[in-house]
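What follows is a single structure, and I will ask about it in a moment.
When the chains are written out, they are named A, B, C and D in that same order, and each has its own residue count from 1.
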Amino acid sequence: MFRHGEKIKKLRKLFVSLLSLIFITGFAVTSNAKVLVVGQIAEPKSLDPSTVTAVNDFRIVMNIYDGLVRYTDGKLEVEPALAKSWDISSDGTVYTFNLRSGIKFHDGSSFNAEAVKFNFDRMLNKDHPYHNTGPFPLSFFFSAIKSVDVVNANTVKFTLNEPYAPFLSNLAYPTGLIVSPAGVKKHGKDFGRNPSGTGAFKFKEWKSNERVVVDKNSGYWDGKAGTDAVVFRPITDANTRVAEMLSGGIDMMVEVPPASLSKFGGSKFSIVEQAGPHVWFLILNAKEGPFANKKVRQAANYAINKQAIVNDVLEGTAAIAAGPTPPAFAWAYNNSLQPYPYDPAKAKALIKEAGVEGAKLTFYVTEGGSGMLDPVAMGTAIQADLKAVGFDVEIKTFEWNSFLGEVNPGLEGKADMAEMAWMTNDPDTLPFLALRTESWPDKGGFNSGYYSNPKVDDLLNRARSSTDQAERAKLYQEMQEIVQEDAPWVFVANWKQNAVTSNKVSNFSLQPSFLLLLKDVKKN
Amino acid sequence: MINFLKLISRNKLALFGGILLVIIFVVSFLSPLLPLKDPDVIKTSDRFLLPFSEGYLLGTDHLGRDLLSRLLWGTRLSLLVGISAALISATIGSILGTIAGFYGNKTDNVIMRIIDVLMAFPYILLALAIVAVLGPGLFNAMIAVALVNIPFFARNIRGVTVTIANKEFIDAARLSGMSNFKIIIYEIFPNILPVIVVTISTTVGWMILETAGLSFLGLGSQPPQADLGSMLGEGRSSLIVNPHTSYVPGAMIFLIVIGVNLFGDGIRDALDPRLSKGELVKPQPVTQIKLNKNVKNNSSSFLSVQNLTTAFEFDNKLHLASKDVSFDIKKGECLGLIGESGSGKSVTALSITCLVASPPGVIVDGSVKFQGDDILKMNYEQIRELRGNKISYIFQDPLSTLHPLIKIGKQLEEAFIEHNHQKNKEATLKGKELLKLVQIPNIENVWNSYPHELSGGMRQRVSIAMALTNDPELIIADEPTTALDVTVQAQILSLLDTLRKERGLSVLFISHDFGVVSQICDRVIVMYGGQIVEEGKTENIMSKPRHPYTSQLMECVPHIGFGKRKLPTILGSPPSITYKKEIGCSFASRCLFKKDNCLNEDIKIVRKGDSEVRCLYPHE
Amino acid sequence: MNYLLQRLLSAIPVLLGITIIVFFIISLIPGDPATAILGSYATPENVKLLNEQLGLDKGLVQRYFIWLGNLVQGDLGRSFALNRPVLDEILERFNATLILSGTAFILCSVVGVLIGTISAFKQYTVTDKIITFTVLTGISLPSFFLGMMMILLFAVNLQWLPVSGMYAIYGGGDFLDLIHHLIMPAIALALVATGVVARITRNSVLEILRQDYIRTARAKGVREGNVLFKHVLRIAIVTILPILGLQAGFVLSGSVFIEIVFQWPGVGRMLVDAILKRDILLVQGGVMFVAACYVLFNIAVDLLQRYLDPRIK
Amino acid sequence: MDILSANNLSKFYSKNKGLFNKQSINLRAVNNININLKAKESLGIVGESGCGKSTLAKMLAGLITPSSGEIKIQDKDINNYKKYELPNHIQYMFQDPISSLNPRKTIYQSLAAPLKYLRNLDEKEIEKEIKSIIKEVSLKEEFLNRFPHEFSGGQAQRIGIARVLLSKAKIIILDEPVSALDVSVQSQILNLLNDLQKKFELSYIVISHDLAVIEAICDRVMVMYFGDIVEKSDATELFQKPYHPYTNLLLKSVPKTNQKIKIQNLIETELPDPINPPEGCSFYSRCENKTEKCKDLNPEETIKENRKFKCFFPNN
């Protein structure tokens, strides 16, 4: 018995020392000064910019690749990038780009006009040998392109079917980033896992669910990056992401949950904010049910307390939306537009007028998704507001992809309202894809609520083909007024995107384009 | 039912769990009647209020809803879901399990393969897929949780059913003309019901956790409806800043599940017959000794047992198994202890080295002097030194008394190593020598065999060899041949007799068979109802029993050579062990010579002729 | 050997059954993979086109057999959503799941059996009560909740342990670094299973202690320590082995939550996403892999049991 | 006339040797046995554990299906009886009286089953029958509402007897009817069985390992060894003058109260391997009278002085 007791004592000692060993190593982990760790909201789908659609993926690819043009720092205006300059034909259908010379892709191959042609042909031409490396869901951004021609090694000519105002802006979008043709030829379908561009960082490794690492591209044409490397860590759970940020596991995180912003108030962190072209709205089913009546749609706009949602639920990380176009598109925004005030009494009156008191509504809510902010909480708050004016709202929640599968084909026969949010690069995109009669779901658009106003259709078509920005602005502003009055949506919020960085990080700013540019960021 | 509640309330933790559950049930099911705020009313300006804020006892959530109200409504829903899920999967699972277990063969094979398939599938993914198919919602989550738990029930119930289906009463029912269906309903079901109840009670908590898990993944209840899982999911997004929104539902889940578990354990214990028999209490290495008085024992015999009284303690009552047993064994003597079941003979034998399982066994009186030292006054280490060394045992059924998973050789060596602190080499030599001694052929083979690979006779020889390991001076053989066939019995008895004589061993030989005892014992003690009723030389007792019990018992043993006939009998059956104090002769009720005063007072053992007898009117 | 072959062959119908269930359940989920691939801009037109490209316009049964045919040749297909060979993705992540669940499993087996035995051997003492209470607490907490609490306490407040991930982003990568990251998730994952194992062990040890062969050992004068380690544990392990086999399944399932909470780069989170995105081939491949491991593991448990318990032959 | 007869009855338990070995192993339990039972007769089957006597008994009662051979009851093959008709003719009494009663049913419920399902009586008749039979087996009426665990072995065995009687079957197979009971109770049960046999004109097949029990109750005895009947005889003659050496060994081995132990020769006690039964006489290895002939040839049934046995060199 005694001998046995001694054995236990020895074991205990061993155990204690083992434990302390483990904990001591824990304190030894310190961060490397020159590596920036970014907390991402999800695992990227691919690092082939032509194939991805999520902002989360854009945040990485923007740092690996360059486009012909890019957005000016802090603005939504286009400036030269891989193209030094360009000419636009007077009818607005031919764009000729003069390319920078001597630029190499990370894999060593050269960037030239052939590479540009390869990129767009791959996306647009079904017979291109590498078209099968797609699908390219956003290729319709460039559907106006008739042909891409190599004039000489440093000159490339785009011919469009018709004048298309957002063309340059779309080129600056991640879908327009230029990938290495040699890389695509080498890796084929797996190019997305072995990306090669001309950007400030070059791809180093991608470990599933762990990290994507990019190294400084020391030969970058536009000056060297401020850090040796950037690590993108996918941390899907917002809470864990916040915890990692607090404990120093990451240097920077984007899309900070509003509720946890208060944790980052001290001097150890800094919060960066930037409004961007984002609008969060409710699609109302204008084809059938109570919302077929304009008065009821307006009533919904009056009934919802946007102030409470924006200030409380979203902790001030968003502003009230007045109409379909976000104020971030300053030149196209109608400043005279006033948001629908919170007026439940008026809402009730309108509902009574329309004779749909106590109607039962089905409301599609998503659990989360690109730009959706805090959709369940917002949906619940909206449900409560509508209940207050006499609507019986039943919420159905869906995971993001199922949600899109339900909503994009149209709400007819299924729901009366659905949440939605868009982040775009041009004032044209959202209304053109989601408000025109021609963009009803059965015609291949995203007008899931079946809104139709010939006047709006006309305004949008004209704005798109004009190359004069002042004229476009006028058309868009008129459109906004009509749409606000027609209320096909409930206009809820414009997001101010945010990010938190540790105090070691400097020279960081968010872009209104929602893209994450890390080249100039330094870490001390 | 009252009995059942009593059993449960005996277990304090279960009672605590039960009370906890009752409170949670009552409060949450009364929530519609309680003066609570509307759980769905949003007041975003009051969001994230801490517990004990004005107007909000438990604070508010991210939309400013009253947490207390949501908690109670949510608990109500979660309980409903958990219990319904448990009931659904229990019903379907039990039906499948019963069918598979009862019909066996192909039916069993097909059902169990399907169950295997479902079990190999990570259940949470299966549940997830089912919810994805059915669409989100608490009801669908419940269906999914119920479905994925069916295999668990089916497997459990199948196992129990197989055991029951092989019981003799099922054959008996079949012989009573019952169809398979009726057998399942009337014979099997009542027997598996307790298992189902126990399984349900222990899985409800698990189901609540699982539903919470699905809600955590966002597939549970739809807003604004509250259930504990979705509350936890909602709270989680603000865990770091406002942890109370997670703590509140988390704590409730914890309380419910711990309540269910404690109460479930209580139900399990109450329905488990082994517990009431004390079978799930750890037996101490030495019988509990609580001597009431100091028994004087001046005997200088080799072994002297004086006034040994051993009892079983149930419900704080002492059931006396052996009463005031006194006897001596001389060196080299073989003493037989004979009696029917419940006569106290085995308890007496085990009490000598304090081997009666305790609890429930207690030695309440007596003295056991072995070579001058009182064993009942020794400490554990001293007793252990005696066991298997100077005093060793041979037990009845060698299949259950030999360790099933240790090779014969290892088991033989063990006693040697424990007592001699010597290494394996000597122990092996000694062990093989002993196997030769008990005339085991093919020693090497047997050495490396497991007990189940040997025949009953071989096993008992191994037991004898094991008992002889440390050259003991006393061997206590407790019905060593009862489980054996007659032909084997004869050989074992002959072997024992030879060894004892060769080695001058003292033997205490316990048996119920007069034939066996008379063949090898020098002296015989007859026990009845825990007492010695007669003692004397074997030939005297066999030829001239004095006690009416002894004589009547000997008469009703069927002997060969008398043909088909009516046998002499003893009326009634042997007394069972009870805590009641009975005065007088315990055999009186069955005795043919009973007189009025037999029950008046305790009867002392007296010398009559060559024997000692506990009887007022012994045979002449 | 013969038995091993027999068991392996008998696993085939089970695995086949799994593929059928996975394939058809996933196919029943509304929505389609094309929507997931195309993201927000998925128009019904594009979806239809893409579905044709992916071969999803073919009949369900036909697709199933095509998949099965490829599987036999070792080709698990290409994930729709990740645009990557399924096998690559699984192999890369499975390692992590194996490390996490394996550690948790070993933890729950060793600790569970150990404290269960101690608890039984010290029945009704303070030790027993402390263990019983701890075990009860352990099995009454949702593992994901526990994980969250652990992060809050040990990672955020005390900063002893890293919040998430499997290796440190820089400087790490060695064994100690792994252990360091493994502590919290492994404990959170193992806790429930440990509780279950400990409870069952306690009961079976108590039952074993009542057996005749334990009395025999005591009658031989075997020391209590040896009774416990040589006689009781031997049998206890044999009785608990099948339970451990079951626990492996629970641990594997539970790892889904833990991988989410601790951002462990394993296969669990991937499968949840894949199910929701209807990435049929990835789900098929992943679940097959996990299930095959579970089945193989149980065969190993069976073999071990046959080895430890000679009576079974 | 024979009330029951079995011809060439065998039972093999087969098991595939392995996955790829289609050849199966036959475990021999009962091998080619012939039995006949006359009305009002009691036939004993005696043998050691593992000799196949319980398998034989269960086959006769229809609880196990034979591998080959036929069983006839009242000259009608048992396969030709309707599904639940057989128990009306033959009943089986179990060795362990307690475990043959459903622990969760009262004695009344257990006893009512045969009346309800075999004899289709109504509630009133059932109650009457049960009350009368309970007297026959000397139990009190108040026992009827108790559960099996409240009874001693002897009482439970009386309940078992009562149930068997309620079926009105004339043939009863008694499998070790008293081996689980205390000596003082054994004789009560044996006497009861003898009395009931006379009263209800029953035929018994008694299975036991205990020669004394068999002798006390049986008219005729069959000695079974390794799945085979090695000797058949009138009870009295068999116990006085065993022919087969195995019968002789059994009789010799029974301990007697009036003699001290004799030193036994350590001859083989093991039964042959049931997977590989020996070519010759299965008792060869243990036999005192064996010769080379016995090793190679299995003796056929021999009739000598009206006695049947399977041995080349019988005792006496």
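Keep in mind that, in the parts below, a residue touches a chain if its C-beta (ideal position, glycine included) is under 8 Å from a C-beta of that chain, and two chains touch if they have at least 3 such contacts.
Nothing here was measured: the structure is a model prediction, and the numbers come from that model.
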| item | value |
| --- | --- |
| Distance-maximising chain from chain A - centres being C-alpha averages | D |
| Chain pair with the higher count of C-beta pairs in contact (A-B, B-D) | B-D |
| Centroid spacing, where centroids are CA-atom means, of chain C and chain D in whole angstrom | 53 |
| Where chain B and chain D are represented by their mean Cα positions, the distance between them in whole Å | 32 |
| Chain A and chain D: spacing of chain centres that average the CA atoms, whole Å | 86 |
| Gap in Å, rounded to a whole number, between the CA centres of chain B and chain A | 66 |
| Multi-partner residues of chain B (each touching 2 or more other chains) | 132, 135, 236, 239-240 |
| Chain A residues counted as touching two or more neighbouring chains | 1, 239, 243, 246, 399, 402 |
| Interfacial residue positions of chain C with respect to chain A in the complex | 29-32, 35-46, 50, 53, 78, 81-84, 89, 92-93, 96, 148, 151-152, 155-156, 159-172, 176-177, 179-180, 183, 223-225, 260-266, 269-270, 276-278 |
| Residues on chain A engaged by chain B in the complex (per definition of touch) | 1, 238-239, 242-243, 246, 257, 259-260, 262-263, 305, 308-309, 311-313, 365, 367, 374, 376-377, 379-381, 383-385, 387, 394-399, 402 |
| Residues of chain B touching chain C in the complex | 113-114, 116-126, 128-130, 132-133, 135, 205, 209, 212-213, 216-217, 232, 236, 239-240, 243, 246, 250, 253-254, 257-258, 261-262, 274, 279-283, 285, 353, 355, 357, 384-389, 392-393, 395, 397, 400-406, 414-415, 418-419, 450, 452-453, 466, 469 |
| Interfacial residue positions of chain D with respect to chain B in the complex | 48-49, 61, 63, 83-84, 87-88, 91-92, 94-96, 99-105, 110, 113-114, 117-118, 152-155, 160, 163, 167, 182-188, 190-191, 194, 209-213, 215-219, 235-236, 239-240, 249-264, 266, 269-270 |
| Touching residues (chain side chain B, partner chain D) in the complex | 167-169, 171-179, 182, 186-187, 190-191, 340-341, 439, 455-457, 485-491, 493-495, 497-498, 512-516, 518-520, 542-543, 552-554, 556-571, 573-574, 576, 590 |
